[in-house]
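Lettered A, B, C and D in written order, each chain numbered from 1.
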């Protein structure tokens, strides 16, 4: 596979991850599975961002000492070769957001399980009126 | 409408929604023409600040986003604390830790304690090398938190290798976040811009001689400014945040 | 971090901070031997990993930060046990 | 133009949040610092001068051919805008938050530092969302706001709070991912994150299908964050599970975020008539469904929660019209309604604190015990229903006017219908609480509702009524500014 094909299939994978996540949130009965769905959607978005940063044939956006000493002051060559680094930084942020949401959701799940002794949505949200 | 009925109707609507959503997502993502955009400028100017572009974006160009990110973690940690009784309205409720100590195999017991040492040291390396190599505060902090998880899993919470109480973890987290906030305030005070990268090359202004300059010579000849210190603050915060979350969730009473 | 010395000092401080919070009861001669063996191996394997090279006296092919953090951990643990 | 006080509106609450958390347990220190911090939070937006703030001091840079961007220059740093609208919204938020914090400090026997720190975090997050001129920064702080609001509800304790917070976080996760995917698509297509730059890039690319998807995704996020139609039950669950004085803060935050995000949407995608049509349609749905649902409730808190949601729909109608008059009236109504609904929530807070319940079947006959409270509440009901001397009248009238000017008089009829339904629902609540004979003889006989109340909260109510009357009598200074904001949105920032 060449670079752009990798990119294409990566996007398709991301879309599938998101769709599976949406499916899990809507149709699964188990709370844990719903939470996994939320996390899958977040991962899908992360994959979209990572793939946007991907550059076919590019290098890691860390300048080496050699490249630095070659062109002090002007880093045209490095910038031409390096992958797009902004999406990677955004992904780091989103990973932490996902981890935080996951922690709180799991905590609430423990509490709900202690109260209802069940993880089924039907059981827990039974009295809820629409 | 009762729950059961509404579920059926909801499922129908939801199926249609999922279909439409899938169509649009796949359609949008499969014909996507990517523009480098500002990333290119970041790559072009970034090497003047520090060699690792991602760290430069995280802590310099968009350092304020990272501040927000750190605070999401703090919010989540506090929220987990609230869930298990710390700071609820009407006084704290403390749940007793009733988790049994799990029996571990001899291999786990012999190797866990040495591994904890090595993982912590490795986490420190990743944190401090964050602006030159892949790594940084988040990664280093998570690695150190892994050591904590490992010792909790092997030795149980009460007798784990680290003797970190909930309060000391909270303090560590507060210190980490305050380092970040106050370094930002330094920039605000000196230049008028919050999170201004203050650490310009200080050594020429110190008036030290030639020997001293060689003694302090910096291998990559750029100056990362406050970025390493921000990394340290973030590392402290992330590691204590994750440790607090695992502490709280581990202590949840089983019924 | 302006220079390798600064990094090593900070690694030492962080090591001491974490070492202060480590309980002593799991450590005996065997574990210390394991730690030293592992640490030496990893240290040489990492080489000058975060590229802070110690070039004042002699070019050492080990990671100074890792070594400093290890020393800090042991120092902190010793402090705590005293 | 760089104003140094602008970041402090976010940074100071964040510092206070950490300090309050560290102080948790030391009762007197928390009380003293809480009051002090709220004073600073109130004062900073007043003294901050208008302008922009660049984080990290990275100014605008000329673009290069390799960027493939059609702009002549792009912003590198995160930028904050601070103008009259931002000042008004941040000050409104700070004021309502001050009331919430003071009510917590003066009413609870043991003050919770963690709880106050959560309130601080939500203040900081909403202020950041209001001021941010960077779409990703806005997303990050929206996530902080979501988790902090969930924490505020969780802190009340009880399973209903957990359930509300669970739903809120699950849907919040999906909505956040949806916004982020929209941002990712925009970033991939145009390569910039700054809203002004995106606005300039977008102006020539209105038919790009990827942009259309991004619009849809961000609109979904907007609907969730402002509690409009498909998500109305989630928000109303949150309001009714929280303590009523904090619910006042929560609904204020929702309306502020509604306005802030809608302005971003209009600035970026104002050219898409389909988007405003969707916004308008769902807002109308929210108004009608919210007020009908409010009529059906058997609990005063839930009734108010649905009323708050339906009023958010009213704000959405104004903004969704997409005309100058509509946007101005919508923004104006958001401010007015946040004040008025806070007033109602705080009156219900009194009942909740004394009777420990707000269910209608256990309440009744409170008029004898609390005549002043009844008087204030009836004023609040009149304000929310849009009766002339008060502020909501001025804005609701202008929304109806805008619907007619925009050529949709039928929407005006719907707005009037919704307002009437709201009035009926609120009057039902008032009747069942104050006028109906108390059959259950719940312990209210001994407790005098008004007499036992702390003066702080009482003064809060008076201040809110005065604010409502003041804006109602002199609406023009506010409305004119809102109108100029609307002009700026439509013509260019």
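We adopt the following convention: a residue touches a chain if its C-beta (ideal position, glycine included) is under 8 Å from a C-beta of that chain, and two chains touch if they have at least 3 such contacts.
The structure presented is a predicted model; accordingly, all values stated were derived computationally and were not measured.
Participant: Using the stated contact rule, I'd like to know whether A-B or A-D comes out ahead in C-beta pair count.
Facilitator: A-B
Participant: How many angstrom lie between the centres of subunit A and subunit B, each centre taken as the mean Cα position?
Facilitator: About 16 Å separates the centre of subunit A from that of subunit B.
Participant: Can you compute the centre-to-centre distance for subunit C and subunit D, using the mean CA position of each chain? Integer Å is fine.
Facilitator: For subunit C versus subunit D, the centre distance works out to 51 Å.
Participant: Using CA atom averages as chain centres, what separation in Å is found between subunit B and subunit D?
Facilitator: That pair's centroid distance is 30 Å.
Participant: Multi-chain contacts only, two chains or more: what residues does subunit D have there?
Facilitator: 66, 136, 140, 143, 147, 150-151, 154, 162, 181, 185, 187-188, 193
Participant: Going through subunit C residue by residue, note those that touch at least 2 other chains and give them in order.
Facilitator: 51
Participant: Which positions in subunit B are in touch with at least two other chains?
Facilitator: 25, 32, 34, 36-40, 42, 44-45, 62, 65, 68-69, 72, 75-76, 79, 83, 132-133, 219-220, in rising order.
Participant: Thinking of each chain as a vertex joined to the chains it touches, would you call that graph a line, ring, star, complete, or other?
Facilitator: Chain contacts: none of line, ring, star or complete; other.
Participant: What part of subunit A is in contact with subunit D in the complex they form?
Facilitator: 18, 22, 25, 31, 34-35, 38, 41-42, 44-45, 48-49, 52, 79-80, 86-87, 90, 93-94, 97-98, 100-101, 104-105, 108-109, 111-112, 115, 124-125, 128, 130
Participant: Could you list, by residue number, the parts of subunit B that touch subunit D in their complex?
Facilitator: So the residues of subunit B in touch with subunit D come to 24-25, 27-28, 31-42, 44-45, 60-65, 67-69, 71-72, 74-76, 78-79, 81-83, 86-92, 170-171, 174, 177-178, 181, 184-185, 187-188, 191-197.
Participant: Can you tell me which positions in subunit A touch subunit B when the two form their complex?
Facilitator: Per the stated touch rule, the residues are 7-8, 11-12, 14-15, 18-19, 22-23, 26-27, 48, 52-53, 55, 60-65, 68-69, 75-76, 78-79, 82, 84-90, 92-93, 96-97, 99-101, 103-104, 106-108, 110-111, 114, 117, 122, 125-130.
Participant: Could you please specify the touching residues of subunit C with respect to subunit B in the complex?
Facilitator: Checking each residue of subunit C against subunit B gives 1-5, 7, 10-11, 14-15, 18, 21-23, 25-27, 30-31, 34-35, 38-39, 42, 46, 49-53, 55-56, 63, 65-66, 69-70, 73.
Participant: Please give the residue numbers of subunit D that touch subunit B in the complex, ascending.
Facilitator: Checking each residue of subunit D against subunit B gives 2, 4, 7, 11, 14-15, 17-19, 21-22, 24-25, 53-58, 61, 63-64, 66-69, 74, 76-78, 108-110, 112-115, 117-118, 121, 124, 128, 136-137, 140-141, 143-144, 147-148, 150-151, 154-157, 162, 181, 185, 187-193, 209-210, 213-214, 216, 243.
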